[in-house]
Structures are given as structure tokens and as C-alpha cells.
Amino acid sequence: MLLASLVLLPFLGSVLAALMPQDARNRESWLAIGVAVGGLAIAAALFPQVAAGEVVRAEFAWLPAKGLDFVLRVDGLAWVFTVLVLAIGLLVVLYARYYMSPEDPVPRFFAFLLAFMGSMLGVVLSGNLVQLVVFWELTSLTSFLLIGYWHHRADARRGARMAFTVTATGGLCLMAGVLVLGHIVGSYDLDVVLAAGDLIRGHELYLPALVLIALGALTKSAQFPFHFWLPHAMAAPTPVSSYLHSATMVKAGVFLLVRLWPALAGTPEWTWIIGGAGVCTLLIGAFVAIFQHDLKGLLAYSTISHLGLITVLIGIGTPLAIVAAIFHILNHATFKASLFMAAGIIDHETGTRDLRVLRGLRHKLPITATLAIVASAAMAGVPLLNGFLSKEMFFAETLQVGGDLNWWMSYAAVAMGMFSVAYSLRFISVFFGAPAQGLPRDPHEPPRWMRFPVELLVLACLVVGVAPGVSIEPLLHLAVVATLGEAAPVYDLAVWHGLNLPLLMSVCALVGGVALYVVLRRHFDLAQRERVPLIHRLNGAQAYETTMLQLTRGAEWLLRRVGTRRLQPQLMLMMVALLLVPPLLAGVPPAWTAIPLQGFDPLFAGMWLIGAGCALAGAWMAKYHRLAALALVGGTGIVTAATFLWLSAPDLALTQLMVETVTTVLILLGLRWLPPRIESITGSTQPAWRVWTRRGRDLALAVGGGLALAALTYAVLVHPASDTIADFFLLNALSGGGGSNVVNVLLVDFRNFDTLGEITVLAIVALTVYALLRRFRPAPESAGIPPQQRFEGDPASRQNPAEQADRGYLLVPGIYLRLLLPFMGVIAVYFFMRGHNLPGGGFVAGLIFAVAILVQYMLAGTVWVESHLSLRPHRWLGFGLLLACVTGLGAWWFEHPFLTTHTAHVHWPLVGELHLPSAFVFDLGVFAVVVGTTMLMLVALAHQSLRAHRHPGEDAPADGQGGAEGRRL
Amino acid sequence: MSGAESLPWWAAIPVALLLVLGGLITLVGTIGLARLQSFYQRIHGPAITIALGAGCILVASMLYFTVAQSRLVIHELLISVFVLMTAPVVSMLIMRAAVYRDLRAARDMDPGNDAGNS
Amino acid sequence: MRRWLPSPLLSASLLLMWLMLNQTLEPAHWLLGGVLGVLAPLLSRPLQPHGHARIRRPLALFRLLWMAAVEIVRSCFNVTQIILLRRSADVNSQFIRVPLELKSPHGLALLSCLINSTPGTVWVEILPERHELLLHVFDLHDEAWWVHTIKTRYEQPIIEVFETPEPGGSRT
Amino acid sequence: MTTATLLSAASFFALACVVLAMLLCTLRLMVGPSAQDRVLALDTLWMCVMVLALLLGIRHGSQIYFEAALIIALLGFVSTIALAKFLMRGEVIE
Amino acid sequence: MTSLPWLNHLIIVPVLLPLVVGALMIPINQARHGLKFALGLSSGVLLWAVAVALLVLADSGHWPGGIGVYLAANWAAPFGIALVADRLSALMLVLAATIALAVLVFSARRWDRVGVGFHPLFQFLLMGLNGAFLTNDLFNLFVFFEVMLAASYGLVLHGYNLRRIQAGMQYIAVNLVASLLFLIGVSLIYAASGTLNIADLGARVALLGAQDAWLLQIGATVLALAFLTKGAMWPLGFWLPTTYASASAPVGAMLVLMTKVGVYAVLRVWLAVFGEGAGAAEGFGFTALTLGGMATLLFGAIGMLASQDGGRMAGYGAIVSSGTLLAVVGQAGGAVLASGLYYLLGSTLAMAAFMLLIELTERIRPPGAALIAITMEAFAIEDKPEDPVGVGIPGTLAFLGLSFAACALVIAGMPPLSGFVAKFSLFHALLAAAPEAVPATTWMLIGLMILAGLAAIIALMRLGVRTFWAAGAVTPPRLQFSEAAPVGALVLLCVLLTVQAGTVFDYLGRTTAGLLRSGDYAARVLGEPPVLRAPGAEEGAR
Amino acid sequence: MELVLAISVGVVFGAGVWLILRPRTFQLITGLLLMSYAVNLFIFAMGRLWVDKPPITPTPAIDPAQFADPLPQGLVLTAIVIGFATTALYLVIMIGARGLSGSDHVDGEEPRE
């Protein structure tokens, strides 16, 4: 529980901080300090156990099935890092209290900072590798938010994105690596993994795992070639730089390598990958640092270099090297954090961080100058400071690399030492010389408590540097034993080991570094150089930006190749898929050759000569001769209906005929709003060969699709049916469903649930069409009155529709059409009533009824009909659906499932016995929905004419009717 | 192709004759539709089909079912009535559409001259 | 009576149709057909501005229909002959105008049915200015004969059927 | 020869005539040349299918086919007058 | 059995309730938004309660095998249409109801009045979704697909402008063709097997002759093409990003759910038909599904990288999640499937929240642009809406940013939210499925998923930085509580899903175990007896 | 008969496929109509072909083998209705898009080439 609260505390603090008001700078700091102190207290409480060599674990079940429990685990190494995180965190918080401007919205800052602290503790304390990855990515995320804290600045946004992209990508690699590791070991538990080193190193997946984990660690620790994000992260407020980007987060990578040392290290691959990256980083970082003009930039590159140093040590991988690595992690955290804070003070006080401007600050900032110089000396590896000790251990280790004859590692180390002396000198040069003029702000010593963290850290550098054995030795020992276990070496943290090769190397580095600095300054214009000599082309940031840009561009390019926004290619692909995928998966039919040729009916064939001819001709005409195409397609429709009739499906024939009629009227109503396409104005600029290629391809697809469907149809038709559920329907329609027309019984009884859905579709489409037409804006070419109606030669052009029907050319047809109305109505009733036993039913009846009304619309026009008849299709729709539902629900009353049919047997005098199945009422609902739908759609379409129409002779009342249409519908 | 029940000869022969006649008349009507030169001639073809071709078949049907089912089957009359009620409307409207389309086309070709309808 | 049964003839036709459709004479269907025969005209009345036809001389009507039927068969034979045997260009197809006195819409409707059902003639429209019927004739020999025939053999009987004044009532 | 064969032959002949008639209609439907030609052809096609339905009824001695013919007789003209009105007036419902 | 236990009626309520409520709304005057909203919300709340009840019933052992069967119209399966509420369908119902509730609340402010008919269409959409989740009959599935699609056509076009209608044309055309494929597939399956019932099909498949088996496989493949068009598998899903980008926010959120229906249908049909006990056909098409899923995943990742605006990015995100799920279904392992379902839950919730969020974040713009946008929306409104600009609530930007980040994390599969848990458990299960030698496709799949996550990170970060951080563009948007609350609730659900991962996985484990025992499933569905109609009445058992 | 119907289904379907690959909305809607015919016939054919055997069973005691398969007929009926509805919908969208965009291209805008 104690452990859990250690991790939870910062997150809790983060939430609290986020909820505080904008100007609560003091309260925020106190909260953060409280969290850090609290954490330290918990750490202190844990110390006895840890010091005793115990591994304290706390487990919480989360996802046991996946080997994913929430495990916290603290051993020496974790404890030391915990203290590091919390202690530096405490100082940074204190520093930030003074660094942040009163106008800054600090709640966000402290919330993010505390969240980072929690995440970092999570990384350090995770006892489960997956959980470690979680916290790992959380540190990336919080780092992103903190770098982007001043997000109105472009460099902050850019730096944040860059850092996050690189580290999160690394995190993904780490996750993959952890997965592989877990796969090898069979567990993600850290203790299990650490104990399985030999198994891992011997496994065939060792190299992938190593590479993936290394990618994670190296990106996080800003190792070459992923180092470039760190300098750009300096756009963050300085407390963030000092905390995340020097002391803690960037150490997560090397921490991980140290942590996994027992499991992964000890192979040539390890040395080459880790060590190689480290060497490059250490040299490049140190070299580039010399040529920076930004104080923080210089520190950032030096951080990179020092991280490279640590990485090299880990790569070397000997127990002593690991000791040196851990030691240097601690040392670097101390002096670099203080240096960043000093740089922050300079920035804060002078308003600039530009090395080309800053001079002579020791006059105005004497104390800060002293502190910074001492810290720089530690960074340069000057004796009696902590940096010297770990660096000398490093020199000693490099000598071991490659045996006695191989010195390259040592040369590299000395070169790095020289560079670090040079950039340290460059850093402290701001304090010397004549005081700078024209600084943005007049510098003063910072507030007492802002300097306090620096003082404390520099003191630590001194104490460790002078008396390592007393100060750091116990801590280091704790960590080393926890990491190396039995392999822990004997080592001696003393300032003086006598005259030896490492000492010589240190001296060389110091002297060479000073000389290098002087030479560069005197002869190479170090103070004003625009770019880094030799390797300025090696610009990771540029590469990153280019990569990101290319990634987007490439993705766009690729997307155009493998995707489309146009409809035709999509439909084409669907057809291609239809043609290719089924045979690819299912193969060729097993009985292909055995398919017999069946009987041939010349009359039926003649009929389909018509149907197919109409279809082909319709396809040919559809572009320019829409009406002809419509008529031709209608021809196919009639033949289809006739086919249904011929082949024992009278219900289908009736339905098809009615639908055919309604569809024709519907499309004609729509065609009125689609201006004609004139053959002569095809402005296609495409070359002919492309047009023909496309047509050829489409033709091939059409032929292929047709052939495929024909073949399938034939294959089924000549193949005897297997045992189907159809027999049940035939046998039970009359006895169970109470009707002899099995198709209708299917629709209103056996599968009435389908029918319910189907009428819902109708209602939905009607509503949608209505909604669409409410906002319909016709094409300008078709918005006016059609030319036919403007033709003065036609007497009807001077009459409104009602007059045409009353005394115009429609007088005579009108007599018939009006007389037919009651007949059509009765026929609709007839088809409705007989449906259950003979072809017919609610659907056909509904269509007949709707068409009967429609004919009246065609005859006398919308205005006249609606002034004489109020139809309210919405009510028909709603009523029909509800009726169908209520009928179905009636079954609940009889404790039966929804839509179970019941038949009431009523005996009426004179009439006789009446069977009233509930399916009948259900069918009535179908009828109502069909009428409502058809009327709503067609009438809504017809109403569009009223918008444009103002007939010359049309009078005011008619207009009033036109305005009222919306209400009535 | 079974189903046609056995009818006595006295009924079968007229039914067969009516069927053949109806089929032929239907065919003649559409031959007119296909063969004649102008639309105004072609429109006269289907009138035969509708009036007499269908009529023969309807009579044949009535006769056939009345004899075959030994009861009066005359609901085919309804079809005749409906056809007679709707056919005039159809030909009137198609004819009038053709006339005014042609008039309009003539006006568009030769403005100033009001072509008469004869 | 008039209110609930605006057109007994129509109602009777509907009942007849119902019985024919169901091919039955069961009492239940008489009842149902009767109800429908009453309801359908009532419900469709708002859309019937011309009201329903009153046939004043049923006998004259039957005579007319019989004559028309004979004429249809005769014309059918003629037209068939022309279609099968004559070259299209030789056929003298013409529009003709027939001045009409018949005003009753129902009468005009009947006339149109007879003319259109007769192969060889198609009704185009009634030209509003002079109340002339525009007619298309498939094979025209003599325009005056046509005008005369239509006026005497068709128009006069129809006027007789529909426009004979009835004492005490006026046409709707 | 029985009456059944006679009727079968007669109905086959009539069906053949009707199918041929339909073919001729289709020819006109495809060729045009004017829109009214197509409308006329389509209407005639409907009528032919009506006759076809009646003939099938006779051929199979079944009344099942009657309703299809009835529907065509009563409502087959609707799409034709819609087309005709469209040609004449530029819209179906004014 | 002479009467149906009343609890069983609950199974059909998710279909029936929205139908009745939608039907009731049709005749109501368009101006009465309040009434319609109240009706819709009541329906939503009730639906949610019913869905949860079904989940509890399915999981509590109330029904044998955790499978509740409802015989619509009281005809025994496979003759009648059987609805099946098992753990999976109950889970999907809960998911649908949850998102629907959020969307409904979200749209209360103004979306329901930019056109007519929003509320009834929304109810019908729910009916279609729920029906598709519940039905066990292939043709009934078609009908419910059509109900769902028809409603979605209306909703996609809701309050249409040029962009929306262009997208709508594409969406509708593609889906109409897909529906034709659906019909071809279903009818072929019927021709081959003589049944439409999915469970019955599974029971029959092993007994089919060679020719019938071939026809069945062809039919199933064509059917799958239809499902996968709706589920947006590459190269059938190009309609999706365009549609997402142009649909209004609430509709977009519902579309997220609809893509999942395609995947769900594949899962249901394939496991029942080609799962264990399918004889020679066992495992048919699974590999193709994996490969297709991987191609889809890759395509979605590329699309995310290439997209600049939120709607389109969300669309490609949905494609990524579809691809992942399809690949997972293709793996057909129990543990893999459970992880896949977990992924489905998280990604659906997050994507829905993201769709809503995008609309809100689009208000973070220079005032001019926002004003123009609002005016343009208002211009198209005929019913004179109330002023869409409300009173800002404090911290709106923080709220939006936080929600955005949370959605982005889930979508990209980054720690610590459910997306990561899902991905990790998927990887774990995939690797664990092959303890000896992991096949190359598995490695490829894992690699692709990681890459897709990376692409998502990059794309979403770019979008987020532009939206929330771009200099000078940030004006605190005005936000209604009714708009913020649904987004917040969905995000919180993602968090809850993470925290309660153990519980959820337990449930999913039981779910997949049931799914993989297709024999038990068939026995349960086909064995459900109808209620006796009347004493002595003839009953239709085969 | 079987062969004729199979070929017919193929021809109509092929004509529909050709049309849905065309660029104009009217072509697309015509293609969808034709494809629906073909698919409806296809579904219908899945119950095999029967002449003069409509699934109307006047008495309960029957031989199911003497009747056409009613199930595909029921399915076709539903498919016809749904097809009708969706055609209507696409039609309205088609004219709506034409009005808004000034183009009858299926993408709602003329291709930029």
C-alpha cells in the first residue's frame, strides 16, 4: 500500500493542481512540494527494507488472464532512482515557483509536472514490463505536454511534436520488444524475466527483442541517431528542461538498460548495438555542444553526450562499467540539473540565452556565477568534483574494451573529455569579460529560494567529489547490488588512485580541452560561427521534418494509388471482387463437367429475347435518351413480371406489375427535375484511347459479371434441391397459418417479422424522401415552367390543371379516370381480402389504392386534388406501422411471442362463420404503410412543381392552396 | 405443358378457333405497329390488338372456363370493360402528345409559320 | 337517398363487379359488395365534379353499342387488310375536323370510346374555339362521309341517350 | 387427337403469336424513332402481356393467371398516360 | 410450454421499442421537437436498461448456455425467424444503446432541427442496429440491414448541403450495390443448404454434398463481400471516409457503430457456419479475412497519415479499427477473439466520442470563420432554430483538449487507456496462440498494428496541435452542457473499460467460449420449442 | 427453360453492371433497376423453376413436391419492395444533387481532367 501511494500521490496531486484557479501560484507550489516531500518520506520509510537487500513488492490484480497485474516493486536500484526523481523534483518545484511568471496558467504546469513525476516513478517502480511500458509512454506524453506548455510559440509546438514522435515511436518498439521478451520467457514479471537471462540470450528471438528494446531505450535517452529531439525540447520552460530533459526522463532509457542488464547483456550484439550508439552519441553530442549559441542548447547537447557516455558504459557491460554508469547517472543528474537552473536564472534575469550576447555576468550575478562555474567544472570532469570520479571510471573502462591493442575507444573517450572541457569553458564564458550592454533586461541576483536548489545541488557535487565514500557510496552500493546481484564487483570510490592511465587521460582531456577552446575561440571565430563544422549536414531535426513531410506526402500519394474518392472505381472494385474473390476462395465447382443441358421452351426464349434486348438497348440509350431508356427498362420489367407469372409466382407478377407502374411514374416525376443531356455538349477532353480503354474494361466486367451470374443460376437450376425448409411452409400454411396462399402466409405469418422490417424500410424511405424534398433546390435549367407548357400553340397553356380537367383537353379522359376511381378502390379491397388464400395481399392492394389516387393527381393537378381530398400520408404511415406492431403485441396478451397469429372465429347471422386471423389486421397495417409511403413520396415530388409554377391564369386561392401543402402533408 | 382439361368437341373447337383468331389479330396489330411508316399510321395498329385480339381471347377464356368448370365464369368481362375504359384515354393522350410535340418542333424549325394540324 | 347513394347505377356496377370477382353469390359477399358499392362512390365523390351519368334512354344505348360493335369488327377487317397488304405510303392518313353539338361530358366520353375502339380512327381532342372534334383517320377516302357518319350514327344517338331533358331535374 | 391436344396446340399457337407480337413491339420500342412511338409500343407490350396471362390461364386450365390480366387491364395504362403526359406537358403531375 | 415467460419478451424489445416510438413520431408535427426529443430519450433510456437487463440475463445463467431464444411469430427455428440474445449480442446491444443515448443527448441542442425527421429516423436506425445484432436468420439480417441503412441514408443526408449530398450519393450507391450482393449471397446459401437460419446452416454444413458445399461457399463469400463493404474492408470501403467527413456529428457517431455491424455479421456467420464441426468447410475463408483485414489496416493507417481534417481522419480511424477486427476474426482463436471484442468496445466508444468532439472542436476557430459556419448552417434551417450559441462553461477548452487526448490515446492504442490494453492483449493472445513457432502472418499483423498505432499518433497529434495549440486561433468555444456531457461520458466509459479490464475480459472470455461452441449454439436455437398454440393443436417440429 | 432464364439473368445483370459503371446518375439508377430485376430473378431461380405449380395449397393434405418453393418467392417479394423504395430514394438524391451541384455526374461534380 505504501508503494502504491508512492505512485498514486503525484497523480492525485496532479488532479488537484489541475482543479486550482489560474493564479494559485503559491498553493500550486506548496502542493507540489508536499507531494515530493511526501514521496520522499515514503521512500525513507521503505529504506530499511531495501537496505536489507529485500525486494518489496505490491501486487494488484488487473488483468491476470493476460499476465498483466499491477505490480510495484522496489529494490536498491529502483529506490535510488525514486529518491533521485523525488529529490530533483522537489528542487525543481521550488525553483519553478520563482521561475514561472505570475501570468502563466500554472495549474496546468504543475499538473503536468506532477503527472510526469508519477509516471517516472511508475517506470522506476514497475514490477511488470508491460506496466513499465505504460508508464514509459506516459512520461513521453507528459513530456509532450510540458514542452508544448507555451504552445503559442511555434518552436514549442515543433519541439513537443518532435520529442513525442520520437519517444512514442521508441515506446512502441519497446512494447514490441517486451512482447517478444514475454513470449520468450512466458511472463512479463520483471523478477521472472531478470532470472531468465540465459534462456533469453539463447533464444532465436533474442536479437529482435534486443533491437526493439534498444530502440526504445535509445530514443528515450536521445542517443544517436535519435538525439535530435532533445535540443528542440529546450523550448520547454527551464524547470522542465532541468527535470525531464537532463535529470530524469532521459535517464529512463539508460535506467531500462541497466535494469535489463541481467537479462539481456553479455553478448557481442549487446556491446555492438548499445556501445556503438553510445560512442557516436558521446562524440557527436560533445562536439556539437561546443558550437551552440543557446545556453540551453549547449546544455542539451552536453546532456546527449553524457547520456552517450553512460550508454557506452552499459554497452561495455562489465560489472564495473555498470557501476560507473549508475554513478554517472547520479552525478550527471546533480550537476546538469543545477546547470539548467543556472541557465534558467540567467535567462530569467537577462531575458536572453544567447551566448553571443551574454558577457561579464559575474558582476551582476556573482553567486549564480560561482555556482555555475563549479557545476561546469563538475561537468568538465575537474578533480574534486563528482563528475571527475565517474568520468575517470569511464576512462578506466574504455581501456578494457577490445583488449590491450585496441585503443580506439580510449581515444574517443579522451576526445569526448576534451570537447566537454571546451563546451564547459564556453558555458562559463558568459560570466567573464566586460559586462554586456543592451541586454533585454537588467540582471539582478534571483530571489533567495530560486537560487537555493542550485546551491544545494552544487553542494552535492562538491561533497560527492570530495568524499565519495561517505556520501554516495552507500546509495550506489544499494543500486549496484540490486542490479548485479552476485556479479557485483569490488570497487573503490576514491579521489586518488595513484598515477595511472585513467588519470593521464583526464589530464589530457583537461589540458587538451582548454587548448581546443582557446584555439577555436581565437582562430575559428567560435563565438559567432553560424554552423557546426564538419557535421552540420548531419541534421537530425531536418531529417525529422523531412521525414514527417515525406510521410504525409507519401501517404497522400499512396492513398491516391490505393484508394479513391470517386464512385465509379468503387463500384468497379466491388464488381471485380464479386468476380474474383468467390472463385479464389471456393475454387471451381466440383461437378462442372457433369452439368446437363436442360429443356428449351421457344416461347419462353422468345419472351426473354425481348427482356434481354430491352435491357441491352436500355443500357445503350441511358445516357442521352432517358425516356427511351426508361421505356426499355420498363420492357424488361414487364417480361420479368410475365416470367413470374409463367413460372408459378402469381404474387410476384402482381407485385412486379404494380411496382413497375409506380416506379415509372416516380422516375418521370424525377426526370422533370433533371435537365436533358444533349449529345453535342459532351466536353470530354480525355483522349479517345483512354475513353475506349475504360469502356473496354467496363464491358469486360459487365460481360464477366453477367456470365458469372448466369453460370451460377444455371448451376443451381440443374442441381436438385437439397432438403429445404420450404416443405414445412407448404405443409403448414393452411393448418398453422390459416391461408392457402403460402407466399402470403409466409409474409404475414411465418416470416412476418421480415415484413414488419420491410414496411419499416418503406416508412423510412418515405420520411427521407420527404425530408430531402423539403429543402429541394431545382437545377436552374429545370426550375421554370417546362417548355411544353409555355407553347402558345397548345390551348392548355392558358389553363391551370384544374381547368384542363374541367373543360380542357382532359375533359374526356377525366370522365373515365374519375369513373375508374371507385372501381380501383374496390379492386384494392378485393386484392386485400383474398390475399391470404389467393394471390394478392396488403402490399399489392396498397399499391393499387395509391395508384388510384395518383391517377387523380395526374388528371387534375396537385392543387385541385388536395383542395378536395385530405390524405395525410404521414398518418397513414404512422398508423400502419403502429397497427402492425399492435397486432404483433396482441400475442403478448395470449402469452405468446410477438407476432404470433391468432384467429378469431366469429359466427354472424346471415353471413355465416367468419375467420378473422390477426394476420389480416397485420396485413392491413402493411396496406396502410404502402399507401402512405407511395403517396408521401410521389406527392412530395409532385409538390415540387408548385414551387416553380405560377401559371399565367392561376388565381389567388390556388396559390393559397399551394402554400398550405406543407401542413396537409 | 399439361393442364388443359378435356373439353367436349362442341366447346373445344370454338375455343381453339377463338384462340387462333385472337392470336392472329394480336399479331396483325403489332405488325402494323412495326411496319407502318409514320407514327400517325402506327397508332392505328394496336387498336386492333386491344379491341379484337384481346376480345377473342377473353371470349375463349370465358367459354373455356365455363365449360371446363361447369359453371358460369364471366369475370373476364371485367377485363373487357376496363380495357374499353382505359384504351381511349391512352390513345387520346398519346395522340395529343404527338400532335403538340410535332407542332412545337415545326414552330422551332420555322418560326413565323403556324403549321396547321392536318 | 341521393345523399347516401349518389349513383345507384355505379353502386350496382360495383356490387356486380364484386360478385363477379369473387365468382360467388354467397350472402356474405352480397353484403360486403353492397357496403363497398355504397362506400366507394361516397368516398370518391369529392373527386367527381361532373357527377355521375344519367342514362335517359337505355334502349337507345344498347342499339348504339350493338351498331358500334359491328362497326368495330368491320373496321378491324379493313385495317387488317391495309396493314397486311398495302404499302404504307399509299394509305391516305389524315386529320379531319368534325363540328360537334354534343356537350355532355359523359356523352363525349362515350363517343371517344366508340371512336377509339373502332380501328382506323383516333380521337385527338376537341378544339375549344368552335367545339370541333379533331380526328385522325387511318385511310381517308371522303372527309364529308366521315363527318356525316359520325354526326348521324354516333353523335345523334348519344345526344339522345344523355341529353334528353328530364322533367323536374337538371343535369349536374 | 383429343380436345386437350387441340386446345394445347391452339393455345401454343396463340402464345406464339403473342410472343411474336411482343417482339414486334420491342422492335418499335428500340427503334423509335420518336418518343411517342416508344410509349405506344410500351403500352401495346403491356396489352400483349395481358393477353399472355389469359392464354397461360387457358393453357394450364388455371384461374391463377386472371388477376394479373385484371391488374394490367385496370392499371396498365397508368404508366402510359404518365409517359404521354410527360411528353405533352413536361411533367406528370402539374 | 403453454405460455412464454415474460422475461423472454425482453429479447424483442430492442427491436420493438424504437419501432413503436418511431412510428408514433411520424405523424407528430415537425415543430414539436421537444416532444419528439422526450419520446426519443425515453426510448433510449429504456433501451439501455433493457440491453443491460439482457446482458445480465445472458450472463447469469438464466437461459441454458447463456443463450436466450425468441421465436418471432411462434414458429420454431429454422422455419420461423429466431432472435438470439447471447452474451455477444447483448453486449452489442448495450454498446449501441450507450452510444445512441449519448448521441441523442448531444443532438438535442440543434442537430435534430437542421432538417426534418431526425428523431423517427434515429429510432428506426436503432431498430435496424438492434435487429441486426439479435437476429439469427440470414434474410432477416438483410431486412434489418436495410432498415438500418435506409435510416442511415436519411440521417447522412440530414440537413443536407452540397458536400453531404455528394457523399450521400456515393454512400447510397455503394450500399445499394452491396445490398444486391447480400441478396445474391443469401439466396445462393438457401439454394445450397435449404435453410436461412444461421444456426441451422451451421448444423447442416457438414452434411452437404460437394456441389452444394461449393455453392454454399460461393454464396457465403458473396455475402461476406456485402458485409465487408459495410465493414469497409479494403478495397470496398472507400466510401467511408468521405461519408464520415460530411455527415453531421451525431450521425457520424452512429456510423461508427454501423461499420461494426458489418464486422459483427461476419463474425456471427463465420463462427457459426465455418467454425468447429463444419466438416470439410471448417476454417473456410479465415485466412482471407486476416489478409483482407491486414490490407485494410494498412490502408487506414496510410489514410490517417494523409488526412488533414478531423472527419476524414476519423473515417480512416474507423477503417483501421475495422481492419484490426477483421484480421482478428480471421484468427478465430478464443483468446484473440476476446481481445478483439475488447478492442471493439473501446475503439467504438472512443471513435463515437471523437466524432462528436470534432464538431465541438471545429468551433475553435477565428470568430469570423465560426460565425460564417453557424450562419451557413442556420441558412439552411427552415424551422427558425433557437440561437445555437449558448453560454460558455468554464474550462471548455481544457475539457475538449482532455477529451481529445483521451480519444486519441484510445484510437492510437497508446497507454494508459483501453486502446493500449486492447492492443497489448491482442498481441499477447496472438503470440500465445502459437507457443511453438509464431507464423509470419502473426508477426506481420502485430507489426502492422504497431505501425498503424504510430500513424495514428502522428496524425492525431498533428490534428490536436493544430486545433488546440495553433497560435492565435484559440478562442474558448461555447459549449452546451448537453453537448459536453455525452462526450465526457463516452470518454469516462473508456477509462472505466481500462480500469475494469479484468471484469470485462472475464465476460468476454465467457462470450467467446460460447461463440466457439457453435454446436451448442445450434442445438440451443433449434431446440427452442414454440409455445403451444392451443391444446391439441398440431405443432410443426421437423 | 433453365438455360434461357440463366442467360437472361446474366444479360440483364451484365447490362446493369455496365450501367452502374457509367458516370451519369441516370445511368446509375437505370443500372440499379436492371440489376434488381436480375437479382430478383436470381433469388427466384434459387427455388428452381416450376410451371403451373403455384404455391397455393387449397387442402392441408398435399405433396410438397408438387408445388413451387414458396420461400424464394417471399424473399423476392420483400426484395422488390425494398428495391422500389431505395430506387425512389436514389432518384430524389439524384435530382437534389443535380440542383445543388449543376452536374449529373455520380460524384456530384464533373471530373477534373
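A, B, C, D, E and F are the chain letters, set down in written order, and residue numbers restart from 1 in every chain.
Here, a residue touches a chain if its C-beta (ideal position, glycine included) is under 8 Å from a C-beta of that chain, and two chains touch if they have at least 3 such contacts.
Just so we're clear, the structure is a prediction, and the values are computed from it rather than from any experiment.
> With respect to inter-chain C-beta contacts, which pair, D-F or A-B, contains the greater number?
Answer to which pair has more contacts is A-B.
> Find the most central chain, measuring centrality by the gap between its CA centroid and the centroid of all protein CA atoms shown.
E
> Which chain has its C-alpha centroid at the greatest distance from the C-alpha centroid of subunit B?
Result for max centroid distance from subunit B is chain A.
> Quick one: subunit B and subunit C, Cα centre-to-centre, how many Å?
Centres of subunit B and subunit C (C-alpha means) sit 17 Å apart.
> Measure off the straight-line distance from the CA centroid of subunit E to the CA centroid of subunit F, and report it in whole Å.
28
> Measure off the straight-line distance from the CA centroid of subunit C to the CA centroid of subunit D, and report it in whole Å.
From the centre of subunit C to the centre of subunit D is 23 Å.
> Could you put a whole-Å number on the gap between the CA centroids of subunit C and subunit E?
About 62 Å, centre to centre.
> Mind pulling the subunit D residues that touch 2 or more other chains?
12, 15-16, 20, 22, 25, 35, 39, 41, 60, 62, 64, 70, 74, 76, 81, 85, 87-88
> On subunit E, where are the residues touching two or more other chains?
Answer for subunit E, listing residues that touch two or more other chains: 139, 143, 146, 150, 153, 157, 160, 169-170, 173, 177, 184, 188, 190-191, 196.
> Quick check: what residues of subunit C touch more than one other chain, meaning two or more?
Within subunit C, the residues that touch at least two other chains are 17, 21, 109, 112-113, 123, 125.
> Provide the residue numbers of subunit A that touch subunit D in the complex, in ascending order.
Going through subunit A, the ones touching subunit D are 602-603, 606-607, 609-610, 613-614, 617, 627-628, 630-632, 634-635, 638, 641-642, 645-646, 650, 653-654, 657-658, 660-661, 664-665, 668-669, 671-672, 785-789, 796, 800-801, 804, 813, 820, 823-824, 827, 831, 838-840, 844, 848, 851, 854-855, 857-858, 861-862, 938, 941-942, 945, 949.
> Taking the touch rule as given, give the residues of subunit E at its contact with subunit F in the complex, in rising order.
139, 143, 146, 150, 153, 157, 160-162, 165-166, 168-170, 172-173, 176-177, 179-180, 183-184, 186-188, 190-191, 196
> Enumerate the contact residues on subunit D facing subunit A in the complex.
Subunit D residues touching subunit A: 12, 15-16, 19-20, 22-23, 25-26, 29-30, 32, 35, 38-39, 41-42, 45-46, 49, 52-53, 56, 64-65, 67-68, 70-72, 74-76, 78-79, 81-83, 85-94.
> Show which residues of subunit C lie in contact with subunit A when the two form their complex.
For this pair, the touching residues of subunit C are 10, 13-14, 17-18, 21-22, 26-28, 31, 36-37, 40-41, 43-44, 46-50, 52, 105-106, 108-109, 112-113, 123, 125-128.
> If you look only at subunit D, which of its residues touch subunit F in the complex?
Against subunit F, subunit D makes touches at 60, 62, 64.
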